[in-house]
Structure formats: C-alpha cells, structure tokens
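Each chain gets a letter, A, B, C and D, in the order it is written, and its residues are counted from 1.
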C-alpha cells in the first residue's frame, strides 16, 4: 500500500530530524512513505492571513497532485501544514463554488478523496498494530507531552476528542515505556507566531511551559510540531534570561522517542541536531525485559 | 421438486398460507405470475432471472385479500414494494408469508418484517445499468431537445393506464384522474392531458417508486415512463437521502423536511 | 416581440406574501400590472397541479411566494412546500419544461418593496422570453405528424 | 343556478382614481351567474352595507363579491353584512381592488383589466363556496400544570383561585423546583425559601388543586378543551396515607452515601429520603436504584423502624387517566455542569463549581450551614474567581444565546461571599454585564462600589491546578489587553442555562414544537409568547427560555389567564376553515386509502387514524385518515399533499382554487 508523505518546509530545514525519524520508524515497521512529487508550500505562515483564495489554492495544488499520483492517504507530520491542508480540503468539499474557483486557480481536478493523516493518526493506524514486535527499549523516564495549539485545534480539523487536554501522545509514550506526567501547559501557546519577530515573547511563553514541565519533574518533553520544537529547544538562552534559571530538559519529537524505543541509533533519528543535549533522555533508556 | 416448491407445499400443509402468489411457466415458456391454491399445485412454481413482474401489486386485489393468509414470492422489486407498502399502512387486513431465493439460491421465508427489512437493506439494488445509460443520454440533451423527446413520447400515450394497473404503489381506490370535481386531468388522450397524467404520476410516485420498471415494460406505446420516477428517486436521494422501499418505518421525502433543505433556487 | 404583455399568476400565502403585497399597496409602491394574485392560506396548500393548470390556461409565468423559513404561520407549511418545489422542479427540468418561467420566493409581510421589485423583475424576464406556447401548441397535429414520421422511419 | 351579486367600491377616490369602476361593474354584470352588479362610493359605509343587504334580499342572491380593499381589512365587515342579508357569511368573497390594484398601478387599460380579472376570479370562487358554520368545541374546565417549580406553582394558584380545578404533576418527590435550592434572591437578597415555601404549602392545601409528586406525564392525546392525559405515579414505596413524616426511616437508613441532588452533589443523602426539610409533601420516598433492599434484596431497616407500617416494597407504578381542558407546561430548566468545560478541567477540579453548587454553599440550610467552604478541603477560600458566560454566548460551545440570569446571580454570589468574608477577594470575569430590570443595575453597581468586587472584562482561557491553588488564566481587555493570572482558592462558573435532559421527549409527548436547544417554542415570539402552536397548551417559566424568578412568575400568571380565558365559556368556537377527509356511501366510505402519510405532514397532529368498523360484527372495514377539527388550523398542507384528493380544505377547496386559476386566465370565461 502506498501512503503519501508531505514534509513541508520545516521538515526540509529546521526540523529535518522530524522527517528523518518519522521515515526511520516507518521503515523499521515496514511501512513505505511516498513523498508527493513537486509538492509546494502549504501557505501556513502568511497566505491565510493575506489572501483567502491563495490560502486554499496552495494546499489544494499539493492535494490534487497527491490524487493524481494515485495516493489515497497522505501523512502530514507538521501541525501547521496539516491545519492548512485540512482547512483547504474542508472548504472545497463543503462549498462547490469554492471548489470550482480553486480548481480554476490550480488548473487541476480535485476530488477530495485523499485522506489526510496527522502524525498521531498515522502512528495509530500503521505503527501501533506492529509496534510491539519492534519496541526493544523502555524509555523509562517521566515525559511531558506537549501539543501546543495546532495539533489539537481547531477541533473540526484535528478530530481530537479532548482538544483542551488530548491524550494521543501519552498513548504513544506509554507504549514506548515512558511515564507521561499530568501537567497544565499541554496545549498552551509556545509563541510560534513570533518565533522570529518577537523572541522575547517566545521566551516568556515557552519559558513558562518549560518551567511547569520542570516543576512537575519531567525528564523530557515530547512534541510533534516543528515550531514547538524549535521554540522550546532553540530559544533556551532567551528563556534562561527570562526565568533566571537554566532548564536543560531535552525536547524530542514523538517519532524520535518512538525510534529510540525501537532501538534505532540516535544519529539515524537526528538526535544530535538538537541544541539542548538529548543525552539525558537517552541515558534513561533501559532494555525492555521480555 | 425444487426447494421452493417443497417449501410452499409445506406452508400449505401446515396451514400457514391458503394462497400463494408466484411465477410459473406459460406455454410460451415465458414466466408469468400465477396463483397457487393448494399443495399439489406447488410444483408449478418456478424462479428464474426472467421473473421480473412485481407481484406486490396483487396484494391490493380484493379477490386476493379475501383469502386472508397469503404467501407471496418476491423478487427484489416485490420485496421493496412490500416494505414501502408496509410503511404506507396497506397490509392491516392480511396475513402474508413472504418468500424469496437468495444469491446462493436458498429459499428464505421471512419470519417478520424486521427480517425482510434487513434482507432488503443488505441487498439494496441500484438503478439498472441501461436505465442509467438512458438517463445519462437524456441529461446530455438540451432543455428543448428533452422537451421534444418527452412530448413526442407523451403524444404516443393512449391513456390506457396500464402503467397504473401494474404499479403496486398505485393502489388508490379512486385515482386523481377519476376525480372530476374538479377535473384535474383532461379525459381525452391529447398530448397535454397525457403530460398532465404522467407528471401527476411521477410526482405521486416520487420517493415511493421502487424502480421495478413494470410501468415501462408494460406500456403498449413503449414509453420509457419508468425513467421519470427513476430520475425522481435519484434526485430525492441526492437532495434528502431518502430511499423508497428501504424502511418499514418509512423514510418518505415528501412528508418530512429539514430546516436546512437546499433552497438556492428561491429568491 | 415588442407589444407582448406577459400574464403572470402569483400563488401566495395569506400571512406573509399576501400581506406583503398589501403593504406595497398601503405604501403606494408601483409595480407592473401584469400579475394576478391567487391567495392561499399557506404555501403548503399550493398543489403542484395548479402550476400545470396555470400554464395550460395561458399563463406566461408563475410566481410562488410565502413566508421565509421559520416564519410560517403554521410553523412548517413552507418547509413542506419547499421540498415539494425541489421535487417538482427537478421533474419539470427532466421533461424539458422551461423552469425559468417559475419563480419561487420568500416575501414577508414587511417586504412590500421586495414584492414590487420581484413582480417587476419577473415581468421583465418573461417579457423578454416572450409568450409561453410550448403547452398550448402541444395538441396541434404538427407534433403528432412529426412523431409518426419518427416511428414510421 | 347561482345568483351572484357584485359590489364595486370606489373607496372615495382611492380605487376609482386609477380603476374604471363603472366598467368593472358592467363587465362583472356580464359574467355568467351574476344576477346583480353595482359600483358605489363607500361600500363599507352604512348606506353601502345597506345596499348589499337590500340587494341580497331583493335579488335573492346566493353569494356576493365585494370589490374593495384587502380582505385582511374588511372581510369581516362584509361577511357580517352578508349575514344580515340572510346568506351564510362564508358566501361572501372580496376582490382586492385597492391594495393590490389601484394603489400599486397607474390609471390605464391594463389596471382596469386587472381589476376585472380579479372580480371574475372571485365570482368563480364564490360560485363554488359552500355554507360554513363555526366549529363549537366543549371545554373541560380542569387544567393540568406540569412542573412544580415557581412557575408551575404560580400558574396553578392563579387558576385555582379563579375557581377552576387544577392537577399538578411534579417528577421530583417534592415541589419547589430550582427556586427552593437558592440561597438568597436578587436584587433584594431576601431568602428564597422564605418567600417560596408558603406558596408550596398553599398549593398542597388548596381545595382546587390535586398534587401528584414523584409523577410524570406519560402521554397526551385529544385537543384543546378536551385533552386525555395519562400520568405515571412512580412507586414511592411509602404509603402516603399512613406515613406521618416522622423521619425515623431516613435517620436509620444504612445507605448514607448517595450524592444529594438538592445540594447539587455537595453532600449525601439516604436511599429513603425527603429531598429537603421543607419538602411538600414532607414524606419520604425510596430511591430504588440506590436501596439495598431493591438492589441486593436485603436490609429492610426502614420497614422495621417505621412506627405506622407505611413502608411498602411491593408498591408499583400506577398509571392514571385524567381529562383536562388546558395544559400549562412549566417543566423548568437545567444548567451545564463543570464537566462540560475542557478548558476548566473537565470537572476534574473539586473547587471549580457551578452556580447552583455555590447557592447551596451559601444557603443557611446547605451542607456547610451557609459558610462558604471549599468542597476539596473545607477551607474557607480567600480568593474566589467568578466566571460569567461559562458556555453562554459561545458558538464554539453550541450555545449562542445569553443565559440571562448569570450576570445577576454572579453579582449576588460575589456580594454574598464578601458579606460572609470581609477580607476575601472576589473577581468576576465577564463579557458584558446585562443587568436590565427593576433595581438590577443598581444591584450590580452595589457589588462593584460598596462590596468592592473586582470586575474584569475578559474571558478565562484556562484553569489549572498547581500546588493546591487554582490558576485562572484570562485577559483583561480593558487594561490594555494584558493577559492576567489569578491564583484562586475556588472558582465559580456561571454555567449556561439549558433545557432539561428530557425536554425533547416531553415536547414530543405534548406535540408542541421546540427550538434547536430543546427550549419549547411559543406560538408567536411577540404576540403569542405564552401559548404553543398546539391550541390549549401554554408555557410558563424557563422551559421556554432562560428566565429569572420575576419573569417566570409573570409568564406563569399570563399563561394562567390564557387558561382562564379558555375556561370562561362552556364551549369555544373556531373558524370553520379546516380540512376534511371526504365521506361517501358504503362500501367505499371514503376515497382515502389510509396510507396515513399525511399524519406526518400536519404541523398540529390533527390527522388521526380512523378505523371504520362494521356496526354489527365490529370488524374493521376500512382504515382512513380523519382530521380532528379541534386541532386543525387550516393550513391545507395535507390537501396539496394528498395524492388522490381525499382531503379538502373548507374555504379553499380544490374546486375553488382551480376555477380561480381558470377564470383568471381563460377569458371570456
């Protein structure tokens, strides 16, 4: 079976390790992901605040391509990309006039029969059934699962049952032998929107997230969104200034954590690309007793 | 004796039924509807894919009704009609035993309406291929061409009302066309009057017709009138998701509504 | 056809559109005199056959109007009517009847102006379309002839 | 042979200015069946009407058409005149020559032509008119009041005091409703129970009121003036006649850990219980779902301790049939509970409570005897945050409407907290403060100015627990939109007012309509706010929409007066414009084929299944539809719907409508 894969810009750049680890895990479990050929920007950062038509047309083009390339499902790991893709598809399927218009723009037919998968949906559908036979390690650490905004909301798109307090990542981490903690900042804002323009705000917001995780004894923070990761990982110096204390909890992508539990070598998961050393998280790992 | 024949004979013997409506071979070797009145006649019964007639129509006939316990053999169309007619409260006065032969030709005797309903819903048929082709052809025409097509067809109509006679859904004791105060439909078989009749018929069957196609097959003028109701069903399903002969509780498009039904055409 | 004046019949409900038409009167809003209003208690009462009959008897256009959704004096008459029109329109369209000669509308008791504008608009469209002859010519033998040629081919 | 009279009115200049009225009259005279036609300056004037009356007599007219203003204006007038003239008033029709001709068109051939067409149309109609007579329906002068909250109580007392019998049905073991749970009431801060309990007792003791508590309406059939209602009296397991309400049973009952509904789950009650001390009737019932006798088959303590042997475990539900003429629906409301709010912890934080729970905490008869203490640890909170509009006015939550009472009771709550703990801090997050009502805004101002409650205009985005405190994150949209956080000890959510769980099924039992939030629908939002679309069923209180006590009470009295109006005469008369299913000689009986698909169509559930029986054998000969003239409002939807025209609408028959159309178009007719 052929599952489509849309990396989007982040996973090509700042968050290479996200796609790297996702592909590694998939490969480990014998699932092949086919990158959509000639995919283009999802328009997340700017388009939808500048030009409504464009914000629908951009994702539509990629989706139409996926359809033409005979894909029935597409995994979209980046939370922002997923949001835009899903929004665009919804808009077109719900309003024939929008569909017609958009097809005009992209000059391609769009049938809307590709199913979009969040990283959670993908893991649940394709990895969980086979995971146990590949999981060899027990992560053996307290982790704070952090969702941020776009993974959980808007409800209509992400289809999460408890958008204010989701449990999807926890399920994965428990499988990987970690102990997810109950904490308050799961779905708080990390300041992504300002990640470039107002790092001071990022520091403030992300700082509070880190602080609460630390206060509640988390040994690692698990994320599934490139922006969350970079803000929590990359902005430590600013955060340190803000909090007047040093917090060195590593921030791992869910796929990296899962990869570790499957015994995939750290470098294949891109763990060395992080700013905050992930050594702490790795060191906790123990062999899973049979 | 075939399974069917045995079953029916058995039903007669244990007194479940005292009349059986089914198919037999006519001299022409064409299957025709037949009425079996005792076990010994059961061996006449046959079933082949050619058995197309919608036997449900006979369930309205007083002669049939009077022999209270009626067995009826149903092809899909007949079964759907029975489901639809149940939702229209038509069988309060008879006990019926419904038989059919499924895909791996086992004889099924439905214990109750629920069973029948489930069977129908599981094997719910689609509009036949050639009908779909014809509909597609008509859609490909311009409005004027369609108008000419149908008015020519209606011109051929001789108002024999065979279409009404064979339709299990046309059970009114007095049809609108017989209603003369006021006279809704012109009596003569002029084209305009014929068109009145066929539009009325289509409207009255819209959302009730089970697409058995009898009206079309029976029309001596060869008018494909079954397409009218077939199209109605298509559109009603598209608009409201209702399917005739699908539920005994009835899911009739025209006596229900949704507050948000589409109304793009209303100014 | 310059001096053609269309005959337009309006089937309206008593509570909203008829009252709306009255309001157009009390506020002296002028509109085309081509329309003849037939008053029904509710759009739910309007039989689809009456449309056919109107056209057969020489109407060039028909307006059907009642209370806006949720405003029906009888709570749901207009909803049932709406389904009936959706169905009837698709039938007429299928047999090739010119459905643009039928105009459906919601005109409330407060929309006297909307009523006047509606009538003018419909009158103009129908005037442009010209007289409706498709049904009146149906019974003329011409068509029959055409048909016999067809089958004797 | 018809002899129709046509009377064309000039309406001063109003019609004659643009319509050639003489011509219209002349043309009318030529129409077949017209025996007399005339035009006159003012038809509605006395001389005008006299002319009509005289003409009817003199020319032996069988029907008249008055070409004048809109029937909505003067139909009644001219029908009276027709009656004076000696013909049935329904044999008079009006041609609308003013509102729909002279006032909307300029003087022209076309305008006059239109007038003539309309007159011709109405002449055809009147020819088809048949005599109609107002429908008389007998009225049973007993009212049913469903629900024993303040609205139900008010309605019941008003009707009973007017001298009519009232039957009250309440599903709880006691009447009193939500009001009995309240601590103090705005804007006067007088104690709720002090003003309520006397009325409860009055209901119990009123000679005209029969009270059924622990009972529910099972079904409603019939129609205005003649409802047949089935009421289920749930088994109380206690013989009300024997029981003295001494209370030894519930004092001894071993199942003591059942969440107490009356205290909004903040305390526990026993399995055999009276909901609260001032309950009416003040006698216990057994909650079978939680009673060991009924669940495990052992115990029986209450039976042993009861001094009068009133406990009866074998008691069964009883269904009683009652006949009433009118029904007042006062089934009340419910509120959303804290578990409805993911962002506020899915109800997992003990010290995040809803308004009713606060009422119980603040109530002297409550679980804390009126001391406001945290449910979690019983500590007195030093800081309380009140969140107004919790759920209300929030599309994302599916509740677009304003719950109306929250602004006021939140102010009241904050005030009461401050009165009880002077150094406590009270914060209120609000969207807008809606305090329209007598002395309402003054009340809110008092909270702000005298009791210094901190009002913060903004929403609360999240609440979470951190080392024993509740962190309330919100924004102050007035203080240059700063996000703010408050470390509170307790949070009170003014949760949205919603319809009862079972509101939909209740509405369906009564055949009344309801909105998408399951609040019951009034017949007209402005002009008939206390009636429903089903004649004879009225609404009172919060079952229609969120209401505070004064509103609920005034609507209840309004509903009561509607009922009294209905009861003011032995018979009620109704317009004869109703649908009828045709009837004919046996063996056909009717052309109706009994498909009964029309039953679904009727907005008033006026169409019933009729079984035509053989007089001797009693066997069913035919099943057909029958229109209940008591319920039918004459919309005619069923008429257009009926496939073989078996139903027709008096006053708008198929015959009439069709001949109108034909008359209109085919000229000359």
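The criterion applied here is as follows: a contact is a pair of C-beta atoms (placed from the backbone, for glycine too) under 8 Å apart; a residue touches a chain by one contact, two chains touch by 3 or more.
Keep in mind that this is a model prediction, so the values were computed, not measured.
Chemist: Name whichever of A-D and C-D has more C-beta pairs touching across its two chains.
Modeler: It is C-D, judged by the count of C-beta pairs in contact.
Chemist: If you average the CA atoms of chain C and of chain D, how many Å lie between those two points?
Modeler: Using C-alpha averages as centres, the distance is 37 Å.
Chemist: Based only on mean CA positions, could you tell me how far chain A sits from chain C in angstrom?
Modeler: Inter-chain centre distance comes to 57 Å.
Chemist: Calculate how many whole Å lie between the centre of chain A and the centre of chain D, each centre taken as the average of the chain's C-alpha atoms.
Modeler: The answer is 51 Å.
Chemist: Counting in whole Å, what is the centre-to-centre distance of chain B and chain D, each centre being its mean C-alpha position?
Modeler: The computed centroid separation for chain B versus chain D comes out at 44 Å.
Chemist: Quick check: what residues of chain A touch more than one other chain, meaning two or more?
Modeler: In chain A, no residue touches two or more other chains.
Chemist: Enumerate the residues of chain C that touch no fewer than two other chains.
Modeler: As it turns out, chain C has residues touching two or more other chains at 48, 53, 76, 80, 84.
Chemist: Indicate the residues of chain D shared as contacts by at least two other chains.
Modeler: 601, 641, 654, 658
Chemist: Pull out all the chain pairs that touch, please.
Modeler: Every pair of chains meeting the touch criterion: A-D, B-C, B-D, C-D.
Chemist: Please output the residues of chain B touching chain D within their complex, sorted ascending.
Modeler: Residues 88-90, 92-93, 171-176, 179, 181-182, 184, 204, 250, 252, 254-256 of chain B touch chain D in their complex.
Chemist: For the complex, give me every residue of chain A touching chain D.
Modeler: Residues in contact with chain D: 162-165, 184, 188, 212, 215.
Chemist: Can you tell me which positions in chain C touch chain B when the two form their complex?
Modeler: 48-49, 52-53, 56, 69-70, 76, 79-80, 82-98, 103-106, 118, 134-135, 138-139, 143-144, 146-147, 150-151
Chemist: Of all residues in chain C, which touch chain D in the complex?
Modeler: It comes out as residues 5, 7, 9, 14, 18-19, 21-22, 24-26, 28-31, 33-34, 36-42, 44-48, 50, 53-54, 57-59, 73-77, 80-81, 84, 116.
Chemist: With touch defined as at the start, can you tell me which chain D residues reach chain C in the complex?
Modeler: Going through chain D, the ones touching chain C are 70-72, 96, 98-101, 103-106, 108, 110-111, 113-114, 117-118, 121, 513, 521, 533, 577, 601, 603-604, 633-637, 639-641, 649, 652, 654, 657-658, 660-662, 664-666.
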